[in-house]
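Consider the two complexes below, in which chain A is the common component and chain B and chain C are the respective partners.
What follows is the complex of A and B.
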């Protein structure tokens, strides 16, 4: 029964994503906002590999989002105006940072782990903030745009067409999320959930907990780097706030609000967050209090998140 | 050569000496019980053998190797599997998944990022076999956290068996169980010992279980070995009578 239901939910999600540019205007949005949902959704789902599936509280995950964004932006700005190379560079930088930071913190637990992730994020934030000759500092890195995508003889105009860029982002979202679903269905993925469930039991089954945490951290950072790269391309812009702790917190809110125990929950959380932010911020500066209120209501009435009731399995 | 050879091992927590100079040899194929009053140091002794923490002094040899400095995961790989006094399982996973995680760990698949290797290694069949051994086949898709206490204990024992251990250590396997469940667990332990030749050390408070199952018994009290011998010797030992059996009977 649960397998059937997972299938139905998956079908609904993909149908909604594939048609989002068409129905977004009906709820007051636009194509760029739909892209934002997909990109933030990818980030929240990537974070949830740690938060929900591994049980590791990475509260500084914007580090890898921001590094992916700067990696992509700086590649285009300084090296080569190629969208694929920009994304690959962003992913590589985020993955390398995830590997290094992960190795330093996998022995920490709970709040110590969380604080360490935030601390590393702030280091990168200050570097981006201060090193203005290269990063553009507080004003952000401008003077570049994403390049059209050439696929052999075809050219996909992801620069000129917001719709083309949406489907480009959605394709990469699908690849990232598909990889995550696959990983969760393998022995490695099962082991991550087991570690979340009971670390002591896992250790006394002969499992190398730290190595599992590390690999999960690296995979999550890598996907976060992809989301960050897409975010930079979406805005043709990047600034230090993509690295900051409040951006990290937003991803956590998306995951918790949507449901950490469900595969698609963080995407729903991202959808609500991004849309409410856009709609409310056009009326008042104080959009964060509205998000905060929504968040509190969700936590009160849906302690497992909005999709928490739908169960715990990844689509196999 | 003994399978387990613990020599004069000590564990102190600050000024409290939980285990103070215990020596124990367990031969292959033996079924040994450890008994003793609450706080005697039985669980601490298990923690030392399974690698929960290092001993303050003394040596622990397993299968001819000094394992005193190894962590728990390394000792599992050498063949030491244990259960805990307070059941340790994966509550939100179902029974089959609990066993599968254990079996895949034992098969060296924990880092496998494909599904083929687990299939080729026969993990489905292995899980079925474990379910049957522990009498859990009809509960395979139930979430473990929702099972009865007795069934959760059975899951934990089956997970330990999935590791294909040379030495199985059970910390009060029948604690908190009713008569029927106790009987079932005792029968499972006997079968593992007799039919599969498994070496087993168990801590147990239920004296019927102890005297029914064990070939030799070690009695701990206040971190020290009070007596050691066959069930008959222990039953006839006056020090043990006075210190332990007398008061609990």
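What follows is the complex of A and C.
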């Protein structure tokens, strides 16, 4: 794919993201929905670092999303009402869990890898579900809100203003996605792609597959934790469903639908998923069928995802 | 030999088709916003799918009927009322929160109603109180909503679990004995119900012989029933709900337990009794509203109107929805404004008029807690009463004021925005 084309796509994506609160109402949305797109997009892109670039299918990434969410929520609820600290705590918890779980499963491949990620995810789901005195159980954790952000003399009212929170989330999204783009451009990132393309060959070249896979898993979990923390702050609420396997499945759907071979594909997938869910579910209770239909059409006709479509026309 | 050629399915056509479909999906909201500028909007965020679909739909019917009446008499503050209903799902609090945000931010509703599931109601209350929108909870029972987690803007129509437990406990303890055994659904609402019953029984000097927690969706209760029988309690307290209640009651009757000990529980609903065969409609329960109230003014009109709309008698859920929508009306008319704080102030201690209260002793929103306090109906389920849909025989009408405790006991410390 040409550099020029990459640049044009990037420019378009950022322009769309920066103006999203303004055009979202025109397609039946609202600012909170725009924030949701950005947060879910970050989650799907974080998963894609592992899925699309390293070639390892994790069906349990909601674990890190949920841990990030609970980490952030419980920090504010029990420790200190500070938004930055909450996010840091969420990220730290998700990264730690990613490091521990990753170390245990990097030797598994294919379906065994995927099954292990589901199993670990369900452990955390049931802990959150049953430990109701701390996590609020099935009722979720309420009684807290994100705190306004103080930047020295300035205070950014991300609690009262949905628009302010959108740009706050977008800034963190930019930081996360920027870090991901940088990582992918380094030799480490190229090695991940090499592992995806031909693991045995990479191993014969003397690369430590397990260590690379582990690092990729940890980075992906860390970014997932950031997305989860933002999600909790967006809703001012967190419940065990953020940890469950169906949430993991939704991230996989977003990534595959948008195009897991392209950098921005998962964001497009998240956009479609979130907006279609929101709009269609107001009209019919069977909104999942619509998503399912779109997903099947994409898998059948554009196996490289919706954004893969663009890439195919590029000069080879 | 020639190949058979099918007309090619071109990618371009598919994309065009997809775009057309997409456009059709988003076309709806445009229409709604266009005509909605001059109406007062009530947003209902309640389940219409899943376990609580039946009560959710009944509440929706009650809300619709009330809005029809309100619009027929000129609307709220002279403006017609528009209902915007969203499916919250039965158990996904994240979706309920998202829909609450959607109703408030995009649709700019003046009132938020919901939810059947108390967990979802509590989560929605977090949104509504942060955004300062008047919120009426029709049928979520967890005590905290008007207790420890109360908010100035959140009003509740149905009773607390503790009130229901208190209503039935005295009857059970004096009539049947104080040694109780529990079969309880294993989630927060079930735990709260059991704690409420245990508190009430303890206050009367009773004891707990045992308690079985059963997972939601249990179909075979035989092990629990045998265990309960062996413990030989005076009363077997069934706190399971919905389909679990139907299965548990059926099996208890098949085992002949109803001949050996008394079967009872706190909350019972018409939706469940309608699903139980006549011979298993037994036991002592609490209803929060019942349609067969001879001599209470306006009740017959309400029953006839709902029956005409849905073909069935109204349940407590219809009444919850009905009262919730009228609460919006009384708040706005009392405050002569749609400002949430003014409306919430106007509703403090507000007594519902008899044509809305539909209870012998009336009902009012207790100041400082925003909890509606009316009557509770204690009685027994019956196979067949005087009328085709008469599945419950009311033995006593308990006054809510005697059961609710004080505002201090509820744990509600209300703070108002400055």
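The rule we apply is simple: the second predicted complex is superposed on the first by the 308 of 316 C-alpha atoms of A that agree within 3 Å, B and C clash if a C-alpha of one lies under 4 Å from a C-alpha of the other, contacts with A are read in each partner's own complex, and residues count from 1 in each chain.
The rule is short, and it goes like this: a residue touches a chain if its C-beta (ideal position, glycine included) is under 8 Å from a C-beta of that chain, and two chains touch if they have at least 3 such contacts.
These numbers were taken from a predicted model, which means no experiment stands behind them.
Undergrad: Scan A:139 for contacts with chain B and chain C and give back first, second, both or neither.
TA: second
Undergrad: Which partner does A:276 reach: the first (chain B), the second (chain C), both, or neither?
TA: Only chain C is touched by A:276; chain B is not.
Undergrad: Tell me the contact category for A:193 with respect to chain B and chain C: first, second, both or neither.
TA: A:193 sits against chain B, while chain C stays out of touch.
Undergrad: Looking at the overlay, what does A:107 touch: chain B (first), chain C (second), both, or neither?
TA: neither
Undergrad: If you tally the residues of chain A touched by each partner, is the higher count for chain B or for chain C?
TA: Counting residues of chain A touched by each partner, the higher count goes to C.
Undergrad: Name the contact category of A:203: first (chain B only), second (chain C only), both, or neither.
TA: Only chain B is touched by A:203; chain C is not.
Undergrad: Does the superposition put A:185 against chain B (first), chain C (second), both, or neither?
TA: first
Undergrad: State whether A:5 touches chain B only (first), chain C only (second), both chains, or neither.
TA: Neither chain B nor chain C is touched by A:5.
Undergrad: Using the touch definition from the top, list the residues of chain A that touch chain B in their complex.
TA: These residues of chain A touch chain B: 182-183, 185-188, 190-191, 193-194, 197-198, 200-209, 211-212, 215, 312.
Undergrad: Give every residue of chain A touching chain C within the complex, in rising order.
TA: 25, 27-33, 36, 132, 137-140, 142-143, 145, 159, 162, 235-237, 239, 241-242, 276, 278-283, 285, 290, 294, 297, 301-302, 309
Undergrad: Can you tell me which positions in chain C touch chain A when the two form their complex?
TA: Counting only chain C, the residues touching chain A are 11, 14, 18, 22, 25-26, 28-30, 48-49, 86-87, 91-95, 97-99, 101-102, 105-106, 118-119, 122-123, 125-127, 130, 142, 149, 187-188.
Undergrad: Touching chain A in the complex: which residues of chain B?
TA: The touching residues are 50, 71-73, 76-77, 81-82, 84, 88-93, 97-98, 100-102, 104-106, 109-115, 117-118, 123, 159, 162-163.
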